[in-house]
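When the chains are written out, they are named A, B and C in that same order, and each has its own residue count from 1.
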């Protein structure tokens, strides 16, 4: 028995030596492997056309990867037959993976060159010259920079779309993903019956929203406002909505200044956000942090909740859970009413965008698929099925709710979620970017002021660490 | 089962060795070993060695792209760039995970093994079988079971807290920055306790019953018999269980990945390395994601974990040796 | 501890045993109960005993999750990987335990290193990719097979307990090496084989990490992967999830129920000798 310690240590040493040896031999071999790496070169879009010479006999699969979203998946599977009829040389194969896994699966499948069409959301937070030293490249930018996504800008089907909208999601002026629709998610649903009963009007300023909350609270019969906060993001995006509501077009600048330190979390411009967060958090339904997002729309549809924070896309779930239930949607109101006289505008993101990897086994098929869904009639059915805001012009929406949104989507801005950076290595209070859960009212440790201070400290620490790294 | 059994038998064997070579033709023995050795070298040793190497590079993982040697930059980024407070917390969680799993799992396992081994207990085979059951289920199933048990607002734990303990607004366990981590630890223990228990049982059955009989004639209490006879006699099983639990829990991330995906302050080093390599939340000490393809950085995280496992193993073994000598 | 332990101690023991039986059985019972409820019933009364016994959940889950395809993949993966792992482990552990080959100590340590070495997820992925085995059954099985440190450790220990005289007798009788291992050594080490085989089966059947990384076509999915994708689609329907869960767990639970004694005894025997 005495020997076993020695033995064990010798095993451990052996494994350590082995690794050390590996490191050494690795370095010597490194030169060659990295040089062979460069000569390999990045795949060029020409690969796509190479594979277009499809064998005449058997239909080739076009593999489309998307995340689990019932409406999208059902629609895509539903058009498989029509697509095959239109393009007899191709078969449409749709694979869905749980949303939580989509990033991993996109990564492995793009790297493996195993997929023809992948789904992204907004291409946000790129690494640019001004922030190159303080943030990493996001995965999508890496894919594009390494030549892995096909440039779609010159494809014929792009003309079917509103180019201004698509360019909002472009990279260096080129379009790498075909956005099917945008969604608003900078506001909340409200229960029309409760609003009517308590004589409430959709708010145009933050103070009006607070009055509404107070009225519902004092009435006492209904929960004031809720969200599927068990999944964290559904509530946190509302913090971002507050920023977008108040800073509008200047949100991008706001995010840049925050990263560079020109703007501090403790400055009044940012404190405004923390204060609003703290105020609204006082009206959130009790136990909100435990309500899972998948249950949340159904709970709103039960009818005993005045307001419900979520993205506009949830109308389908609400309809399904409570047929006939009457609801509307308003955007998060700014502290001061808009000067242009418009009602508060919603914050949006680009949802469901399709890209074709350059190393796709059937890139031509992937493009054929994009072309197919871009045809006006197919597109129109698609957008009505998934209920997003269309990116093609003159599309007739059948859904009354979506049509009612046109007011608050006249001049929408990108949600600040996609414009606000945290420096590399930033601590959790800063990394979570206005995460509600650190607030005392939700079981956290801070009030608005101390939260801002903690976030600023984390930003500061990260900036200093970056400097020390050089 | 103890580590020392793996040792070479003492020198007397040396003479015999020459002879035994000739029992079966060497080439056929080696040929039979070949698939295993090859597979081990290709799928275990080579990847480990390459991980060590990659950790000094900025490799992205995309085939055909260039990458270069960047020295210790990945390690520097891990230790210096990350928020010190959060890094400390994440390392503390990793160690805490291993520590609590090891201690609690083995304590419960030993206790139940002793009880289930008692001859007076009726239905002890049944109990033994039930305790071992979750080992069969595997992480994916265990994670989903516990997600259901802890779910809000329909899960039994939530309803128990609300209706029986009368807590006015019970926390939602799996989305709480305080309770989610202990819940994952509990799930890990629930899953693996049976295995430790069975190893203890095996060791217990090797103890000569007459030791207990003579002790009980001397009027020794149960506790005394336990500390003076049982524990010393099964010390090798204690050591092996500790070793397996420490290594297993330090490296494990399946349960964390499947239950919380590293959210709500549950990410450990193993989870961070996985999330960095294959995307998703819980990749940084602060609970964020590592954007982009940073396989070199992921490799560095794996190496930090490896060094941690190595250290923990050596320290624990030395401590347990010392404890044995003192007995 | 003998039959004549003091009564207070006995009561204490029984209390503990029952308490832990509850901790271990309650979650399983809860899942079974939930799987037999209708969705409506579950939302209204999540904790009451089921009154509906809606077996149909299982049918629905089976069909919607496409388990009919995945289960055969899982059976294939589990069988092949387990058998291959066992074969390789035995073939390596036996000569090491007998020192039939030069440098057997070194080899022994080399395999034990596997316990500590950093996991090589990234290089393994590159390896499979480079070999063109990504999203193939073979590639996945290559990753899932392996000579684990624990199995070499268990088997070498166990084989030492088999008398060396048998080897000599076999060699003198002119029995071939492979035949000797298969017809003598393996039957004699049944408990160790069962316990290691079971561990390997559990690992492969329940794998979720590698199947997410390496299997992308639905036709190659294993059953756990299928369950996760299904969960992503029906995340708010706990009754279907519970049914899917039980379908995934059922085969191993059945094997366990019938072979419980073998399996637990096997693990015990393996650990004593090891």
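As a working rule, a contact is a pair of C-beta atoms (placed from the backbone, for glycine too) under 8 Å apart; a residue touches a chain by one contact, two chains touch by 3 or more.
These numbers were taken from a predicted model, which means no experiment stands behind them.
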item: Reference chain B; chain at largest CA-centroid distance; value: A
item: Inter-chain pair with the most contacting C-beta pairs; value: B-C
item: Between chain C and chain A, distance of the C-alpha-averaged centres to the nearest whole Å; value: 38
item: Between chain B and chain C, centroid-to-centroid distance (C-alpha), Å; value: 16
item: Interface hub residues of chain B, defined as touching at least two other chains; value: 6, 45, 48-50, 52, 61, 63, 151, 278, 306, 310, 313
item: Junction residues of chain A - those touching two or more other chains; value: 12, 15, 18-19, 100-101, 104, 108, 111, 292
item: Residues of chain C touching at least two other chains; value: 110, 112-113, 116-118, 125, 129, 213, 228, 231
item: In the complex with chain B, residue positions of chain C that touch it; value: 1-6, 9-10, 13-14, 16-17, 20-21, 23-28, 30-31, 34, 42-43, 46-47, 87-89, 91-92, 95, 98-101, 105, 107-108, 110-127, 129-130, 142-143, 145-147, 150, 153-154, 156-157, 160, 164, 167-168, 171, 176-178, 180-181, 198, 202-203, 205-209, 213, 224, 227-228, 231, 238, 241-242, 245, 248-249, 252-253, 255-256, 260-261, 263-264, 267-274
item: Footprint of chain A on chain B - complex, ascending; value: 2-4, 6-7, 45, 48-50, 52-53, 56-57, 60-69, 76-77, 80-86, 151-153, 158, 169-172, 175-177, 236, 239, 261, 263-265, 278-280, 284, 286-294, 306, 310, 313-314, 317-318, 321, 324
item: Parts of chain B lying in touch with chain C, wherever the complex brings them together; value: 1, 5-6, 8, 13, 17, 20-21, 23-26, 28-30, 32-33, 35-37, 39-40, 42-52, 54, 61, 63, 108, 111-112, 114-121, 124-125, 127-141, 144-146, 148-149, 151, 154-156, 159, 190, 195, 198-199, 201-203, 205-206, 209, 212-213, 216, 222, 225, 237, 240, 244, 247, 251, 254, 257-258, 273-274, 277-278, 295, 298-299, 302-303, 305-306, 309-310, 313
item: Chain A - residues contacting chain B, complex; value: 1-5, 7-9, 12, 15-16, 18-23, 25-27, 30, 34, 37-38, 40-43, 100-101, 103-104, 106-108, 111, 113, 125, 135-139, 141-142, 146, 148, 229-232, 286-287, 289-292, 422, 424-428, 431-432, 437, 443-444, 458, 461-462, 465-466, 468-469
item: Chain A-touching residues of chain C, taken from the complex the two chains share; value: 109-110, 112-113, 116-118, 125, 129, 134-135, 212-213, 216-218, 228-229, 231-233, 235-236
